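You will see two complexes here that share chain A, one where it goes with chain B and one where it goes with chain C.
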Partner chain A sequence: MTRFVAQRLAWAIFVVWATASIAFVTSSVLPSDPARMVAGPQARPEDVARIRVQLGLDQPVWVRYRLFFRRLVHLGPAAEKAKDHETCGTLAWVHVDLGKSYQQRRGVVAILADRLPRTASLALAAVLVQAAIGVASGTFAATRRGRPADHLAVAASLVGVSAPTYLIGLLLQYVLAHRLRVLPLDGFGQTPLEHAQSLVLPALTLGIFGASYYTRLVRDEMITELRKDYVRTARAKGVSRVGVVVRHALRNALVPIVTVIGLDLGALLGGAIVTEQVFRWPGLGSLSVTAVLDRDGPVIMGCVIVTAVAVVTLSLVVDLAYAALDPRVRKR
Partner chain B sequence: MRWTRDAARAVAIACAAVGLGCAGELEPPVPAAHPDDPTPRRGGVLHLASFADMRVIDPANIADGLVPRVNQAIFAGLVDYDGSGRVVPDLAERWEVLDGGRRYRFFLRAGVRFHDGEELTADDVVRSMERALHPSAPNPYASFYESIVGFAEIQDKKSEALAGVTAEGKYVVDVRLKDVDATFLPALGLQVLRPVCKSAGRRYSDTWQPCGAGPFKLLPGGWDKGRQITLVRHDGYFRPGLPYLDAISWSFLVNTATQRFKFETGALDLLQDFRQAELLRFQRDPRWKPLGEYEAERQVGAESMNTELAPFDNVEIRRAVAAAIDRDHIRLIRPGNLRAAGLPIPPAVLGANPSLPGQRYDLGAALEHMKKAGYPYDPATGRGGYPHPIRYVIYRQGLSEYTVQLLAQDLAKIGLRLDVQVVNYPSYLAITHRRGKAQMTSAGWQQDYPDPSDFLDPLFHSRAINDEDSNNVAFYKNPRLDALLDRARRELDPPTRQRLYDEAQGIVVDEAPWAFTHYYRWYDAHQAYVRGYKPHPVWTHNVSFSWLDRGPSAQAGLAPRGPSTVLGLLGGRRGAP
Partner chain C sequence: MAVTRRLKRSVSFRVGLVLVALLVAFAVLGPVVAPRDPFTSDFARAVSPDEMPVGPTRDFWLGADLIYRDQFARLALGARYSLVIGVVATLLATSLGALVGVVAGYYEGARGVRVGRATVVALAAAFVAWIYVGNAPAIALAAVAIASTLPPIAKRAERLGGVELDADGVLMRAVDVLLAFPFLLLVMAIGAAFERTSPATILFVLGVTGWLGTARVVRAKVMQIRHLEFVTAARSLGQSTPRILLRHVLPNISGPLVVIATVSVAQMILAESVLSYLGAGMEPPTPTWGHMLFEGQDAYTGAPWLLWAPAALILASVLGFNLLGEGLRDALDA
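This part shows the complex of A and B:
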């Protein structure tokens, strides 16, 4: 098991490095000028040129690449406040430095530290909503296969999958926030209670969208499991219908669901771009969109690295969860 | 089955509510408490929103279009612009023009206090100017002040001081120019050189807490980046009794639909980010119409033709394009914001002359110009015209995605075909500002400061041509125009200056490096209880001296609705005023 985890960790580091390198080279060779984006469309050439020098963009790409990875993770005194380390995130002697945002002129680590917890809370809430709704409605539909409730669940999931998140978001926003005024229209709020209230609509939006897919997946898996011999045996032994469904069939049906949940969580940690924009949720999604539109290289790199780390970490967690759920995987 | 029926009914009601909400009547405006009493009242927080975000607050780094709105409340300048765009005293109670226009002497008001309580003196003015023009500041407007003596030396790091700006006593500042520059005073009205507190130091820093001498101040923690900023009243502001508001609060990155929802309920006090259909609804609603007003037109839109590339190296082709565009059709794309344009300088800019003959639609004349250019075109048979497609570059989500469709139809009528290339905005800027890349592009310019030079010099003077980063995107050269613009820049007599700029505009209109299509104007709607607000010709949402007359109904509009109203609202009934 230790060897397995070590191999996966080494692979994860390689994947993050490769992804970051591709992102760095791509953002550097695009036919656009980050200095012009900072200075604005009407700035005079001499002002743009001065800003380009200030940002270090007058250096060749390979020099910037070397500098970026040399500073990305380095060692330094724990309480270092020198100018050299002002953009670092510090954990004891280990410093992580993603540079300074061209546009916001703040350390990227500090920007990500603000945004990541908000994105993580939204991602977790959304996954919980979609898993809860999806598993419940999928199981409900599978146990009533061919009956009106099953048709309704399938039809509703089809509508949910087909409707884009911005449509679901605007609908919920209009009904629950604008007309009924039971929830905030958008934003993040100031207090923990307001944060929680503000989280409801974006989490519901993502949750409803994701739940539609989960409903279909759980329904199909459950139908397959409910046909198997062990279910019949359990029933013959006198286990109740609910007990068979929940304790036996659902547990086996959940194995593929765990994979999907893990991947979904990883993707959502990279930011739910549309939903964050609709609800003005200050997470990584809206940050990465703005960074790409502004050609803000350091922020783009920060978002790419965070997303890559989230996806490979969640993939690792999913592999470990497989082993926990299915003894056959452990034996292999 | 009953559960199924209930669910279906709920979905139907929600859909009906949304449908009615989108197409139904607007909520009525929240009324003022004392509509007939013109006496300003103190107190209250004014709420504004924008779909954009603000990055940095510092006069030495005005990095986006939203910052000036906030800067205007925090930082006061030596001079400012009045309601017609003229330069007027602000921190300087007066100034003298000396040495035939090569020296300006500003006399500061005594006793002006910064937000930190320190007195503002001539030394602060000198320090702030040096700080803003030092090369360590990421100042995108530094070159506006290149005529100040010592500018080149400080930019080239040959000097740490700005030799041309000196304190002559506690309340007198002298600014010496290398040559007479009629644009110096209009450019000084911008926020770039405004005095900043001593805490800003002598050099730009990203971590400075903004502090100035304007009517509002930013307290520590008052700016939640990417979300909201709240400025509170500066009680030591130098104009007695002002400002009236307790605070101004801006929310950022708020989409237009949300802004409209909030505005209708009184959670927002002013609205500018309209979707086109919503804007027309507000303009047509007799209850909202008196509460809306256009801002001055400060933005011109056009089709830029690269005069160094065929076929636009031929002036007759450019004239043909300028005459072939039906500007009234283009205006209809956004009738709430666009007006047909024929001149380079929008009519509301100080020094514009709307009576000049501009470019106009004349299909017959356009065909005649095509003939003179050597590419006669017969609309009846479709024969003739320019044989090659013209590469036309636009960016996604811009107005030009729509205007190009009409442009292509108009130009097809004179035998010109467009090959439209849609790119993202950063690539658009890179391509269009680079020599020899794009034959034709959508183009535009927004007023930086209210003066004709701000439009004509960067867009059409040959000095503004560069291989990279060219502001003159038509790469247009005309020695006669250059001479006129250079003379006008040094001319201090307003009528003579006006005559020179009129003549310059005549050349641009005739030789058509740009075919002007529209002026863009923003529409502001405000709540009835927002008093004393008038759109400013330079500063968007200049609410520093507005006041609020909110009544109890304004607060009621924000409250959550009780269960008794919920069912009615779901059924589509509008809320009570």
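This part shows the complex of A and C:
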């Protein structure tokens, strides 16, 4: 098991490194000029050149690449915000530094630390909504296979899969915020209560979209499980219909679903770009959109790395959970 | 002819076919029958008495947009872009996915180049040394890595284990890496850098990003059929591997491939609309459904047709291709 964990961990680090390298090289071969963006369109050429030197953009790509990774993880004083380390995130002597945002003149690590909890709460809420709706409607459809209720659930899930999230979002916004006025239109609010209220619409939007996939997945899994012998045995020994469905079949059907939930959570932790944009949710998704439009290289790199780390960590967790449950996986 | 009969019976296939046929007709005929130019503002007839754009009338079938252009003509031209991008991006992505999937699936389990653990560790150490220390130790460690591949040393280090680099492993690991990559950011970065996004950029990005799932599914299918008797027979008759893949393996996965491609058109249309909604799609004044919807969302109290018309078109076309794929899947049992 230790060997399995070590191998998967090494692979996870490799994936993050590869992703960061691809992003770094791509962004440095693109013909955009961050110095020009910082200086503004009216700036004199010599000012743009001076800013380019200040930002270190006059150096060749490989020098910047090396500096980027050297800064990314390094050792330094354990004290908070020591001199020359004010943009670092510290964990004892280990520092993580993504440099300074070109536009916001703040450390990228600090900016990401502000945004991450908001994106994480949205991701968690969305995954809860989609799992709850998806498991309920999928189970419901599977137990009524071929009947009108099943057809309705399948049709509804197909419409849900076909609707872009911004469409679902705008519809919910129109009905719940504009017409009924029960929830805030968008934004983040000031108090914790307002944060929670603002969370409902984006979480529902992502949840409804995701639930459509889950409905079909749970329905297919449940139909397979309900055909199995142990279901007949349980029924024969007198377990109630609901008891068989919930305690026997659903428990087995949920194993693959939990995998998908884990992977979805990883993808959402990188920031739901479209939904955050529709609801002006100040998370990682909207941060990355602004960063791209501003050519804010350090922030873009930060967003890419957070996304990659989230995806890789959650798939690592899913793999390890599988290996812990099923010894056959470890041997591969 | 069981497939045709099953297709005719399938409700999803019939509904999907009708939706897609309507969409194609709209894209082909719409710009021809539209009485007005999609790019010209009509300040005389498209302005209502309260200075708002007019709603659906006999002149403007689907109303006018915020700068008084004919929305029907714009949506019809947008349909052409959506369809062409959806289909061409699907062709690109599905071919790439099929190619990678067939190669990976066919060579799954085959022996590859074995790279010893000593070599892997030395290479990683060389990289770390280059980052933190400098060129000299990095070159030294790289030399160690090369030396460790020499037969006498590699033989001794064999008990340490290592990494097997075979075609399947390398391709599937590359898929893993790309799945962790935030592509929406990449598109937007490319668009922002070139100051404008051309249809070619969008096709490139959708094609490059859309093949990952296809490759995985195709690989699994190929692994199922590569040990069947006709493949073994073809090989024992002396056919070359590319020929076997092209003439025997590929035709046998054409069913799933058709289903994947159909659903992929839906996803590509969706992806294109998301890009243009976010302002990373084709530049205005080119009409794209996503951007029209973006402009319409702030006007829905005064001019609701600017929101519902593109929304209905996006939903109907994505749903149409999804239903078509669903019907095909059931009929082909793929």
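Just so it is clear, the second predicted complex is superposed on the first by the 317 of 332 C-alpha atoms of A that agree within 3 Å, B and C clash if a C-alpha of one lies under 4 Å from a C-alpha of the other, contacts with A are read in each partner's own complex, and residues count from 1 in each chain.
In the analysis below, a residue touches a chain if its C-beta (ideal position, glycine included) is under 8 Å from a C-beta of that chain, and two chains touch if they have at least 3 such contacts.
It should be emphasised that the depicted structure is a prediction, and the values quoted were computed from it without experimental measurement.
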Joint occupancy of chain A by chain B and chain C, clash or fit: clash
Touched partner set for A:A163, first chain B, second chain C, both or neither: second
Touched partner set for A:A308, first chain B, second chain C, both or neither: second
Touched partner set for A:F69, first chain B, second chain C, both or neither: second
First, second, both or neither for A:L30, with chain B first and chain C second: both
Touching partner for A:I300 - first (chain B), second (chain C), both, neither: second
Which of chain B and chain C A:S286 touches, first, second, both or neither: first
First, second, both or neither for A:A120, with chain B first and chain C second: neither
In the superposition, chain B vs chain C on chain A residues touched: B
Partner chain in contact with A:V255 - chain B first, chain C second, else both or neither: neither
Contacts of A:Y174 with chain B and chain C, given as first, second, both or neither: both
Residues of chain A contacting chain B in one complex and chain C in the other: 30-32, 170, 174, 277, 293, 295
Touching residues on chain C, where the partner in the complex is chain A: 12, 130-132, 173, 176-177, 179-182, 184-186, 188-190, 192-194, 266, 270, 273-274, 277-278, 290, 293, 297, 300, 307, 311, 314-315, 318-319, 322-323, 326
Touching residues (chain side chain B, partner chain A) in the complex: 1, 3-4, 7, 14, 17-18, 21, 53, 55-56, 61, 63-64, 135-136, 138-143, 155, 206, 225-228, 251, 253-255, 257-258, 261-262, 265, 267, 424-427, 429-431, 433, 445-446, 448, 458, 464, 466, 468-471, 559-561, 566, 569-570
In the complex, chain A residues that touch chain B: 30-34, 36-51, 54, 100, 103-106, 114, 148-149, 152, 156, 170-171, 173-175, 177-182, 185-188, 277-278, 280, 282, 286-287, 290, 293-295
Parts of chain A lying in touch with chain C, wherever the complex brings them together: 11, 15-16, 18-19, 22-23, 26-27, 30-32, 66, 69-70, 74, 158-159, 161-164, 166-167, 170, 174, 270, 273-274, 277, 288-289, 292-293, 295, 300, 303-304, 307-308, 311-312
